[in-house]
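Before we start, here is the structure in question, set down as structure tokens.
Note that the chains take the letters A, B and C in the order they are written out, and that residue 1 is the start of every chain.
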Amino acid sequence: MNFFVDNLPYILAGISVGGQYALIAIGYTMVYGILRLINFAHGDMFMMAGLVMVYLAADLPMQIAIPVVIVFTVVLGCMIEKVAYKPLRSAPRMSIMISAIGVSYLLQNAALYLTGGLAKTYPAIPWLAKTVEIFGAHTKMVTIVTPILTLVLVIGLVLLIKFTKIGMAMRAVSRDFETSQLMGIDINRVITVTFIIGSFLAAVGSVLYFTNYTAVLPTSGSMPGLKAFVAAVFGGIGSIPGAVIGAFIIGICENIIKGLGWTTFSNAFTFVLLIIILMVKPTGLFGEKNIDKV
Amino acid sequence: MTKRNILRVSDVTMQFGGVVAVNNLNLEVNKGEIIGLIGPNGAGKTTAFNVITGVYAPTNGAVSIDGQVVIENYPQGKMKALYKGQNAGKYADRRVLTPDKITKMGVARTFQNIRLFKGMSVMENVLVAMHTNLEAGVFSAAFRRNRKEEEKMHDEAMQLLRMFDLEKNKDDMSTSLPYGKQRHLEIARALATKPKLLLLDEPAAGMNPQESDELMHLVAKIRDDFDLSVLMIEHHMQVVMGICERIYVLDYGALIAEGNPQEIQNNPRVIEAYLGVDE
Amino acid sequence: MNKEISISKKQKTILSLFTCLVFLALVYVGDMLTPPTSSWGMLFTVLEKGSIYALVAVSMNLLNGFTGLFSLGQAGFMLIGGYTYAIFSIPAASRDSVYQYFDGGLIKFSIPEIFSNALGGVLGELGYSLGEFIGMFVPMIMAGLITAGLAFLIGIPVLRLKSDYLAIATLGFAEILRAFFQWKALGPITNGSNILRSFSTYSSPLFPIIISGLCIGFIVLLINSSYGRAFKAIRDDEIAAEAMGVNLFKHKQWSFVISSFFAGIGGALLAMFSSSITTTPFTSNLTYEILLIVVIGGIGSVTGSILGSFLFVACSEWWLRGLDSGAFLGLSFGFMRPGFRKVVFAVVIMIIVLFYSKGIMGTREFSWEGFLTFLKNLPGRLINFFKAFPKRLADFFRTLPAKIAGLPARMKNSLKKLKTNTKHGKEAR
């Protein structure tokens, strides 16, 4: 009990950041499920969303700036897919991964150019940045909002995938790309929808994340991005509930480690976890095993 | 008159989840024999090859090469409850060698869907197969301290290529060869590992009657020249009946007949399995 | 029309040796003659850094291009190499100031210093410099060996993973290493997150060029040996390679360890080049840059990686500098402010990745025959080009009206083609 009380601020922060990772992780896990591609640019898109918010909020009221940021991110995500991934659909997998790395490099350098390498301060969204008190610990409103919003969005997404026609198409494509194509599913539409959903969630995640960690740097996307990817692997890549659970576990553990005074290793922990999982259960918590055909 | 046993597959069952792909297979190949393994599509022939060469660990059963047990397994863990095969209590050891170790013990194979090394020349494809018998270490090979060995490898590779009429193509990319020659290269590559037993997975697939006739003679010649045994999966009955001394017939993973070509041709169960089609 | 030139093996060796010697002599003389303030001094910076990057890029190509292992741990391995070298080469006298937050550190000696003292040298004498020079090789080789040893340990779990998982796991290990080196508890050795400096470095650009050249030479020999063929077999088809008796794990491990050894040496050279080292530059971005160099040069071509490195370094350090300072090829715009160079650069890289995915060299390598044939045919080609030029020009203008008239229809057609292509495009998995 003592442990719990002592670490309450960290656990709260962990749940909050876990929710934010979850929103990014869904983008990874869905794209991987369908294209078998680690979208290295996803984290940088998340950073771009933060950066654009900084610039927009200077001139526009919040109620307008937030939707514009979300639309911008969705458009950016779809554009990246159209320009950098679509032409390589029949190329070897390594080429698409390299293309993703190239996009990530481009976005980071573009951000570096725009900001001049300086940290930009994220605008305070009045309602989210309000300080509240729970169980005697002071925290921002966003800490409470994040897990709730995450769960609502995830449930919505799961319902979408389970019960709509496009959701069914997505499941089919992630199971067998070529066969579903032969069955008349419009692959490109499915992929576009996947990227729209992924980018939308990343944009929402960025609003929540940067309300907590107010500095936006060109490199701020890569670490959360990698962690979210680890979360997706942890939960079993391709599985949405898996990604969410993985993200919460990583967020909480990482913050408890910070609480213990091992801040240097809070990032390293994620990767230790990744390597342990890949060694013990490479398919993650909810992943499916597939056998190579000879 | 008993000949030396080269391969013995005993009670091998291969089960993927609830699907039994190979069911209690027993077969043997003796020295110098050419044995056929036939059966309708999906009968489990290639799976049997994959078990013999160590790609899959069998769920139950054992495989021995030249009298030595190299693979043995019994249902364990989750499989214990799921296991549908026979002889569950017969084996108690778990020993699974990786494919490269099996190859080193003298079993080489070709693939049903040709698997040549695409980015390498014809010559290099053969040389890679000789790598397994290389004696030099990484550094002595890199610094060319093994020049003699390397020269010998090249000579032997040339001989093999000549035998398969590929010496003119030696510097061509392997994938630029016509289909029939690719199949030949696969056999040459397998022979380069110096096997005692050669497993051919549908070597005549996609060939016309004349080409498969040539292949038949080639396989017989290989057996004599290299002093080895052959186990082959084949659908061309003309080829199988022409050169195989004994034939095993698989259907739904289980052995339904075994015998010389005459016996197999007249076996009612085999005819039934092939829906009465007698090629 | 193209006449092939063939020369004997002996001639080739002589030609190569001669070219190398002339090149080295030119660099040596050029370095002597160029005043440090001259803008040509940049050329030598490019040569030094380019050769270091070339070594690292070739070592990465050994993994990605020749063994088919998509590893992204290069920055981490360079970090270990650089730190190992730096830690063992800081003179005892400087240690108190370098390790000022850690009481002068744990290690109180410098290997180059031990050698220069053994040669009886007093600072400034020949024996001292000679000793330092010889002594520099010891920590450098240690850098390689320690990196390789660590790679061996990392390889045991990681090399069993499939392509993209391997990429993420190696990236993760590089990140862990970075955190580890910044750890305060290791401060007495690594100086925590503070800078390490004043260690022995080289004085002539020939040093990194020769070391990188020798290392790359070894990698080329390895690639052309029987083991190199086994690596390529694994790249092309793991299952077939295993069926032909290639022990997958053993060979992957060799490739990984050797690649890391040279990444470690490259890290040590990079530390010498910048004469200081912190963990900051060794992020995943450095790995990405090296990967992109490999792609620009051609995955699976050593020559390509070398060319790519020099091009990359020359562009980012020298030729495209003008884009940042606002004056490039006589052009000047308001948007040319610091960072613009890198954006242009990234766009160019994306174009290469998307449209010229084979890179400069594809999987081809430099050969004297090819080079000489090219040179021999060059005048003829140029003459032919200029001879045909007036006719071509005339043709161009003659057909221009028709072409313009046909443009809308053609665009429509190609759009249609694109659509059907993407519809029937196959996914390669």
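Here is the rule we go by: a residue touches a chain if its C-beta (ideal position, glycine included) is under 8 Å from a C-beta of that chain, and two chains touch if they have at least 3 such contacts.
The structure presented is a predicted model; accordingly, all values stated were derived computationally and were not measured.
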- Item | Selected pair, greater C-beta contact count between A-C and B-C | A-C
- Message: With centres defined by CA atoms only, which chain is the most remote from chain A?
- Response: B
- Query: At what distance in angstrom does the C-alpha mean of chain B lie from that of chain A?
  - Reply: 48
- So, what's the distance in Å between the C-alpha centres of chain C and chain B? 43
- Could you give the separation in Å between the centres of chain A and chain C, each centre being the mean of its C-alpha atoms? 32
- Which positions in chain B touch two or more other chains at once? 55, 111
- Mark out which residues of chain A touch at least two other chains, giving numbers and ranges. 294
- Message: If a residue has to touch 2 or more other chains to count, which residues of chain C qualify?
- Response: 239
- Message: Which stretch or stretches of chain B touch chain C in the complex?
- Response: 53, 55, 98-101, 103-104, 108-109, 111, 115-120, 124, 127-134, 136, 138, 141-144, 146, 150, 153, 189-190, 192-193
- Note on the structure: chain A partner, complex, touching residues on chain C are 64, 70, 157-158, 160-161, 163-165, 167-169, 171-173, 175-176, 179-180, 182-184, 239, 283-285, 288-289, 291-292, 295, 299, 337-340, 342-343, 345-347, 349-350, 353-354, 357, 422-423, 425-429
- Can you name the residues of chain A that touch chain C in the complex? 36-38, 83-84, 86-95, 97-99, 101-106, 108-110, 112-114, 116-117, 177-178, 187-188, 219, 222, 226, 229-230, 233, 264-265, 267-268, 270-272, 274-275, 278-279, 282, 292, 294
- So in the complex, which bits of chain C are touching chain B? 218, 221-222, 225-227, 229-230, 232-233, 235-237, 239-248, 254, 258, 300, 363
